[in-house]
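Shared between the two complexes below is chain A, which pairs with chain B and chain C, respectively.
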Partner chain A sequence: MSLLIGTFTIGLILALLSLGVFISFRIFNFADITTEGSITLGASISASMIVAGYDPWVATLVALAGGFMAGALTGIIHTRFAINGLLSGILVMTALYSVNLHVMGKSNIPLMSDKTIITSVENLGMSVFGVSGNVTLLGSTVPAKDVFTMVSVFFIVLALGFLLYLFLKSNFGTAMRATGNNQQMIRALGVNTNVMIILGLAISNALIALSGAILAQFQGFADVQMGIGMLVLGLASVIIGEALISDKSLGYLIAGAICGSLIFRLLVAVALRLGMNPNDLKLITAVFVFIALVLPMMLKKYKKRGVHSQC
Partner chain B sequence: MLEIKNISKTFNVDTVSEVKSLSDVSCTIEAESFVVLVGTNGSGKSTLLNAIAGNFFPDHGKIVLDGIDLTKMPEHKRAKFIGRVFQNPFSGTAPDMTIAENLALATKRGQARSLGWALPPTVAGECRERVRRLSMELEDRLGSPIGKLSGGQRQALTLLMASWIKPKLLLLDEHTAALDPKTADKVIRMTEEVVSKDRLTTLMVTHSMQQAVNMGTRILMMHKGRIVYDIKGQEKKRLKVADLLFLFDEIRKKEQIDPAAAEMINQLYV
Partner chain C sequence: MKHSLANSIRAAIWPLFKILVIIVVISAALLLTDKISSRNNTARKRFSLIQFNDSPLSDLSGHGIIDGLTSLGLVKGRDYDLYITNAQGDMAALNMMLDEAVNDRPDILFISSTPTLQAAVKKIRALPVIFTVVADPVLAGAGKSFQDHLPNITGISTLGDYEGMIRWVKIILPRARRIGTLFSPGESNSVKNMNVLKDFAEQAGLNLIAVPVTSSQEITDAAMSLAARKPDLICQIVDNLTSASAASIISIARNQKIPVFGFVSDQSKAGAVFVVSRDYYQAGADAARLAKRVLDGENPAEIPFEFVRKTDILINPSAAAFFKIILPKEIYFQKNMIITK
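Let's look at the complex of A and B:
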């Protein structure tokens, strides 16, 4: 049970990653690899500020701002200098590797006894509900602080998911979605598509950096390598989310991205429990995303052939 | 009133594929007039439209609309004054978004876009009302993605969107060319309604001689990046398809004489 709670908490934290990837991949239709740099950026900014004695909430907000700037930079390189989106992302990701090392001063920062947002929600929960130690949940005993952490992260994700929904349904957000859908049309309606792309990627990477900042505080360390494979992981979550829902409207897609992350974490936990070699995790994730991208195309072809053979 | 003053545009300068698409084009389009632009393939009529819309900046010359200099204004800023319908029915709408959302985007053409709800009940109600007036039975499908509609339906909606906020200039780029004849006819009738109702200043490119003769108050015929005929007033009213075809034939005949020969004839006989 304790393991399950941990799995869910990580799934929820990474749901912010999948929301970020949802913006770049589904709204702007490009796989923004800045993700791998910005999630680490979020972790390294928050960890090094916490170690330096800053308030963990302030550190987390600064991490979010860092991600915003990283995404904006990718957007600027892509739009103002007309460099291919994937390459713009690679440039920023590569640059961020050095930036992250500078921010941290070393390749790994442990957050053992420091006050983090996780410890502060744990303490808050324990003082509000007056419980400490263990609680019984669904018949098994689990540490109360883990439950508080999970619930708090759940509400953070819920609130941000809802805010994202409201934003994308606003006049501004609708224009942003149209930019990803048909640039020619939305320019003819008076929207500066470059600004939309820059801001969209900035928001995407801000969410991703936030995910990294919370993840570092939850797992108790920031590592310069932690971003590797995160884009594909985010893609996997978004794709699982889309498979879950039949209605492709915006609200469902956002909810799907969040659930996708949770399910993906659960699948990983189960696979590891069944004895999968952790080293194979990224390989399997990549293969999964590949299949998920190719399968719809194959099915379409197969169906078409079926119709022809009937004629 | 749209004033085009001596605009020129050459694409792919200094390469083998260099094309002089517009050479020293000038014309004045009066307010509330409906001008039809015709010409052979590659004559520069779409290029002229794109220059006005701001897809590119001309090498020389000026474009002024109601006293506002558009020459160096980026496309998205001009959109405040210009409504556009494209040749490709898929170009004017965002396929994955709903009909209502597409219309809501058009209600803010050229305006600042706030963080307010894109489809408040008032906007949704007006969308419904205006779509109902198209009598295409789309008013109950406002929540479905616009990509599911036919080309004709999408083109009709694009026209509605382009004229939602009255533009100072409406640009129609062969907007019925990709439609079947029956649908094209419907969109043309709708175009006439929209233009006459709001008395829009309109510039329409077409390949259809019938449309050119039946519609508008003036015809501009382009050839090789220049305006070669300008037919207006009574002359335009009397014009028949046969007359227009005759003019095209004239151009073709001139074409067949090569420039060197033309020069010689000029010197000998003129």
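Let's look at the complex of A and C:
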């Protein structure tokens, strides 16, 4: 049960990352590697502010703003200086490594007994529901605070997913999506596509930095290396989600990105549970993701063939 | 009316049906295997070892733990089972591994490296945790001091013997004024080690030139730029990045006629003139010793953190001859001295 709760919590925290990647990858059609810097930026800003005694919610909001600026910078480099999107992301990501070291002043900040947003939702949950210590869930005993953390992260992700949906459905958001689809057409309609790209990447990286800020507070430390490989995880989540939904309209794509992140983490958990050679963890994860993507398609084909032979 | 509401909800959920089914199925599978994974049925002890990434340091300490347990009379497969997991650098996976350890309830949870210890400090409250390959457990949040620490956590600090090294530098190369090292600003271990070396060096009147390096591709360039600044010797501190590429640092320094002193025993064979090694293998063996004490009923809260017990001195006479360094006789009288051929 602890593993399942932990997996869901991490999966939901990283769902914010996949929402961010969804914007850059699915709307603007490029893999924005700024991600690997901005998730660490979110973590390092929130951690250093919390250690300096700021309110954790304020720290988290500042982290979000930091991600917004990082994304905007990538957008500006890409649009104003006509540098390839991938390279713009690489430039900002590379620069952020040093920025993150400066923000933290060292490579790693532990948040051991500091008040974080995680501890405050835990305390809130425990005082509202009047439970402390352990609760029994589906026959196993787990710490109540872990359950509250998972539930609150769930609501945060739900709320942000819904807000993102409303935003992208609005006139402005529609213009932004259209920018990704057909720049010339939307420019002909009088929309400044550069502003759309800059703002879109800014929002994307704000979500990613928020994910990093929450992750740091959940795991109890920020580390300058925590962003490595995160873009790939985000892309995997978005693509898994997209492959497994049958209606590709906006709302379902957003829900798919969130579920995709959960599935990816669950598959890693299964690989861990099987207790195989630790060197094989990544291989097994890759195979599982492959199976999760291919199995539904195979089943469909098989079903169709079955119906056909009956005729 | 009610019927149509239910219908529209179903219609709204339907496109997500497949993905939700997959989530529920995997979750159920994880829940059902919870009981099986708590392998309580055997008489053998159960140990877990969680590593953060693949490095010579984690490998050496892992072997040290197993051999250390054997020398204490605990044989793998007969007296205990050891489950090793390695996050391969993925911090999210690291958190999940610790969750799995909470499920699994091993008798001893071995922890290797600083990020793993930090995640364990946050998550593990009820299991005895023994760490190794952590330079500064206090900085990592495991306690206020080596004596006053979290009640369930104890372990071995692998801070190198920088004080001893500087003492030897003064003996072997009394005319040296500038020593150099590469360090990895991204690793808290590395920064800590560099600062400790710097403090001891400055006390002894030596200047430290520290060149940062952030990835393994940059090692060659960084080593060249360090060599170009003409230190009298390179005194390479320990971290995951540079210890994996020590051989290339040593060969670049050799081309520039700069001797390398090191802190990892393997580096002696690779051509380091002089190595003061608080061995990572020994760190594992020491962790095994603490584990035995906990198994015998001692409370981890009562066991202070320790440094690695044994310090070895390794000399490589052929490398010394290459740099025309005459090793003083007193080295040969050290009890813990090993000559590399």
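As a convention for this text, the second predicted complex is superposed on the first by the 275 of 311 C-alpha atoms of A that agree within 3 Å, B and C clash if a C-alpha of one lies under 4 Å from a C-alpha of the other, contacts with A are read in each partner's own complex, and residues count from 1 in each chain.
Assume a residue touches a chain if its C-beta (ideal position, glycine included) is under 8 Å from a C-beta of that chain, and two chains touch if they have at least 3 such contacts.
Keep in mind that what you see is a predicted model, and the values were worked out from it rather than measured.
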{"item": "Contacts of A:V191 with chain B and chain C, given as first, second, both or neither", "value": "first"}
{"item": "Contacts of A:S132 with chain B and chain C, given as first, second, both or neither", "value": "neither"}
{"item": "Touched partner set for A:K169, first chain B, second chain C, both or neither", "value": "first"}
{"item": "Touched partner set for A:R177, first chain B, second chain C, both or neither", "value": "first"}
{"item": "Touching partner for A:S120 - first (chain B), second (chain C), both, neither", "value": "neither"}
{"item": "Winner by number of chain A residues touched, once chain B and chain C are compared", "value": "C"}
{"item": "Where chain A meets both chain C and chain B, residue numbers", "value": "none"}
{"item": "Residues of chain A defined as touching chain B within the complex", "value": "167, 169-175, 177-178, 181-182, 184-193"}
{"item": "Chain C - residues contacting chain A, complex", "value": "14-20, 22-23, 26-27, 29-31, 33-34, 37, 51, 54, 83-100, 102-103, 114-115, 118-119, 121-123, 139-141, 185-188, 190-191, 214"}
{"item": "Sites on chain A touched by chain C in the complex", "value": "1-8, 10, 14, 97, 101, 106-108, 110, 112, 138, 140, 215, 218-221, 223-226, 228-229, 233, 241, 244-247, 252, 255-256, 259-260, 262-263, 265-270, 272-273, 275, 278-279, 281-282, 292, 296"}
{"item": "Residues on chain B engaged by chain A in the complex (per definition of touch)", "value": "53, 74-77, 79-80, 82, 84, 86, 90-97, 101-102, 104-106, 108-111, 113-119, 161-162"}
